[in-house]
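Letters A, B, C and D mark the chains in the order given here, with residues in each chain numbered from 1 onward.
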Amino acid sequence: MMKREKMRIVSTRVIAKETIEMVLENKWISTHASPGQFLHIQIGSHTLRRPISIADCNHVTNEITILFKITGDGTRHLGEYQVGNYLDVLGPIGNGFPTNITAQSTVLLVGGGIGVPPLYFLGKFLKENGINIKAVLGFQGEDHVFYEPNFRELGETIIVTNDGSYGEKGYVTDVLENNLAFDYYYSCGPTPMLRSLISVLKGKKGYISLEERMGCGVGACLACILPAKNERGYKKICSDGPVFNVEEVTI
Amino acid sequence: MMKREKMRIVSTRVIAKETIEMVLENKWISTHASPGQFLHIQIGSHTLRRPISIADCNHVTNEITILFKITGDGTRHLGEYQVGNYLDVLGPIGNGFPTNITAQSTVLLVGGGIGVPPLYFLGKFLKENGINIKAVLGFQGEDHVFYEPNFRELGETIIVTNDGSYGEKGYVTDVLENNLAFDYYYSCGPTPMLRSLISVLKGKKGYISLEERMGCGVGACLACILPAKNERGYKKICSDGPVFNVEEVTI
Amino acid sequence: MTNLAIELPGLSLKNPVMPASGCFGFGREYATFYNLNKLGAVIMKAATMQERLGNPTPRVAETASGMLNAIGLQNPGVTKIIETEVPFLSQFNTNIIANIAGSSLEEYVEVARAFNETDQVHALELNISCPNVKEGGLQFGTDPLMAARVTEAVKKSTNLPVYVKLSPNVSDIVQIAKAVEAAGADGLSMINTLTGMQIHLPSRRPLIANKTGGLSGPAIKPIAIRMIYEVSSQVNIPIIGMGGIQRAEDVLEFLLAGASAVAIGTANFQNPFICADIIDDLPRVLKQYGFNSVREAIGKGIVA
Amino acid sequence: MTNLAIELPGLSLKNPVMPASGCFGFGREYATFYNLNKLGAVIMKAATMQERLGNPTPRVAETASGMLNAIGLQNPGVTKIIETEVPFLSQFNTNIIANIAGSSLEEYVEVARAFNETDQVHALELNISCPNVKEGGLQFGTDPLMAARVTEAVKKSTNLPVYVKLSPNVSDIVQIAKAVEAAGADGLSMINTLTGMQIHLPSRRPLIANKTGGLSGPAIKPIAIRMIYEVSSQVNIPIIGMGGIQRAEDVLEFLLAGASAVAIGTANFQNPFICADIIDDLPRVLKQYGFNSVREAIGKGIVA
């Protein structure tokens, strides 16, 4: 169930190159958010809202954390908002990561760049529910790395950078070949990364979070379609996803 | 000579119904401004700048005062700017009121509504140069009246309101029939007011400031044309005006 | 009290506001935000004979004060729409308008006929203007003869009033409007989107996978107003106006230009409550500008 | 170093940026802001045979991300322009393009001929698309036969290269483009404004005194890009692109769509330095997206 809500900006800070962490307060959203869901944020008078994942959620303070990368006019403008400003948000939206898994299982989180944020909320939630967490996080380079300490608190965490300026050099899939043991994997990141991940981890149970340019964000406009093996022949990323079982979709 | 300048907002306050007084700081503009000139102000990402008259100018503090009425999206948005924000301004623009008149002359200022502001800068300037000032200011009603004390400091001031809720009831032209003595009149206000003023004061030497929807504000686009009895057959309000001798134009 | 009601062929509207085709699905999603009883009518997403899966993604892009879309008429096919979507919408106390599309004259006729089998649809909107189907959709909308032919054929095969939705991508909109009026159209719906494109600099390719898309939103409002103004004084059938409506003031502008009702598309994406909000605000705006009813305002902006 | 230069028929441009006709007068006003030597070229305000006083005011209105104008080709007449304006502009080290307009084929020819008498003008821009002249301007631009006829007639009467400025208010822009190419056009200039209207609610009348006006600014950029993209692969003459350019990124988008140079109109009103600023910023943007020269980028956004 989503609503249109005003969220107050509690804090905003640059945490990596062109990457901003913003904490927003709203009781309804923080009460209803689950890992993998996103917010559809109105920025100024932009025609389209911008989808941004929920990166953390605090039920006590009613705070939601989002992390976003400045990649265009909308995110640049969002980065200029000040503490105390309000955001007009639709949320929480979508079907997130399945979290009803057997205690003591081990879950591998694989994040790439600005795909990392939803995995943090997920990892925290799973860990609180007795799941073991391992994480492999890929970034372009040292300047782009964020939330490493946060993930280390959840479990074993490997950082990979494309240019080798920090952690391991290469792609997230390079470290996976070392045969990390896990029961399920959960991933979010650029499509090429997800594609090679799925092929490297063939046979493993996995869930991926996908992105597509969105119109309505609520399932009405059919902008965010993904071909799928269901009766309709497609899924909507905004309302059927953004998280999908790797078995059910073709990317 | 005009320039494109950034002006810092020093103060902003509501001084009458839907009427805002804003003080802006910029040395270049305050040094070069003369009465009757205007600023062409960029507001947010509006396609067109908004022309607003200079209502006061302080050469010591480098401050310019503008007064504007909220009449649409642009002025509403301008009213939301905060102290410390900067405005992108072209100015000072245009040919203002002629001020090289014989000392001891008497000048009548006739302002209507949001046409009052440029007359204040003019009156102050003339008074400093030894001219006697009389003013007749018309407003819709009591809520709309502003700058009465400021004008009283310059000279005899009559306030007229359309609904009689403050001062005299009626139109500015009603009080003029009482035969106020003066050598020149200077006026700014709605076109119907200017028209009846010109007919009531027929034969008197007068200057009026005109408004028209503007594009460039610098004389290039020919949006702000006024038919005139000159060789070209027209005048541009932005660069030939906005102040005209009542003899040279037909409104 | 300000009277918002308006009577159009086949439609007794409690107010002149309806969501535009393609921007509101079949109402299910927006029904979670507010009660659709509120609406004058709902215009459904386009129906074709067979199911369509539409264009590849990306299907939308943002532009200055507007957006491009190339959904490509994705829909489950008219049979499924009648079976599952129309019954959902007919729970609400509002009018249902079916937007029909096709790749051939025959398909238009078949889809129109299919809607004869339900008595829950109140009017057809004949979409001869969708720029996102290659097979002929656009030609129907830009050629007055083709537009008249499809209008005539659909009129013959339906018992419902037909509103023909015009394309703005034409040299002479009045000519097309007159042609479809002469062919029997009960009303017009205008405007559909303008064909546009955006090039994505990093990939050096059109951003929309279909290359071109339809431009909608406030950017196109002046074109919509101009076309409605030009057409409304040249035809005797009512116009449902649309293109960039964002607030009640815009609705009044469309009424003054000659529209009898309005549809709201893109603005639903910014504010899911937009239709309801505008309906609530419309009496204030009509009153502010001196009107006691919607009817009074229609065409009042047209000067001789 | 990034190479901004580009060679077009009659024009050796040091960079591809020029102010658009009607938005820069004859350069006098903007010359007080910066040195016009900076510009690739200047396109002058439209010239007609006789002096024209244009339309009544208001002549401009703001729209969402755009504006409407109906100046009505006000200009002092071609003789005066040649006597007083061309000499002013020719002080600068830049190219001068004369925009010519008329109410009849004969007037176009006369105006074109008049410019043969100066050797300071480098090219003609044939404005067959101004929506603000009633007598025929628009017809020339929306009918391929008329467009070809006027192009041919003007080509015969001038020794200058002719860039035909196309109207976007047409069903089939490619058809018009091909017609004027076949008639001898040396280049195209596109797009002119789209016809639009705004109704002023308090007065219940069109805000622009002329009722309709031409829509320009970022709102129309997707339409300009689409039309240039469609036309550039169908003709063999270069295109000067325009419509909503506000920054160097937009210039690259036009180049990718197939334009060889660009003109900037409405944006001058927001920022009088816009042409100069964009010229300064263009090398950075070209480089960021992997280009070493303007020439390299032309048409690179066109996919098969």
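The rule is short, and it goes like this: a contact is a pair of C-beta atoms (placed from the backbone, for glycine too) under 8 Å apart; a residue touches a chain by one contact, two chains touch by 3 or more.
Chain by chain, the UniProt names read as follows: A, B = Dihydroorotate dehydrogenase B (NAD(+)), electron transfer subunit; C, D = Dihydroorotate dehydrogenase.
Note that the coordinates shown come from a computational prediction; the quantities given were computed from them, not determined experimentally.
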Both chain B and chain C are touched by which chains? D
Reference chain A; chain at largest CA-centroid distance: B
Chain A to chain D: how many Å between their CA centres? 46
Compute the distance, rounded to whole Å, between the mean C-alpha positions of chain A and chain C. 36
Centroid from C-alpha atoms only, then distance chain A to chain B, rounded to Å. What do you get? 56
Show the residues in chain D shared as contacts by 2 or more other chains, in ascending order. 63, 65-66, 217-218
Graph class of chain-chain contacts, one of line, ring, star, complete, other: line
Which chains touch, pair by pair? A-C, B-D, C-D
Chain C residues touching chain D in their complex are 63-66, 68, 142-143, 169-172, 194-199, 201-202, 204-206, 211-212, 215, 217-223, 225-226, 229, 244, 249, 252-253, 256-257, 289, 300-301, 303
Interfacial residue positions of chain A with respect to chain C in the complex: 1-2, 4, 42, 45-49, 74, 90, 212-227, 232-234, 239
So in the complex, which bits of chain D are touching chain B? 22-25, 28-30, 32-33, 45, 51, 53-54, 57-63, 65-67, 69, 71, 74, 76, 217-218, 266, 268-273
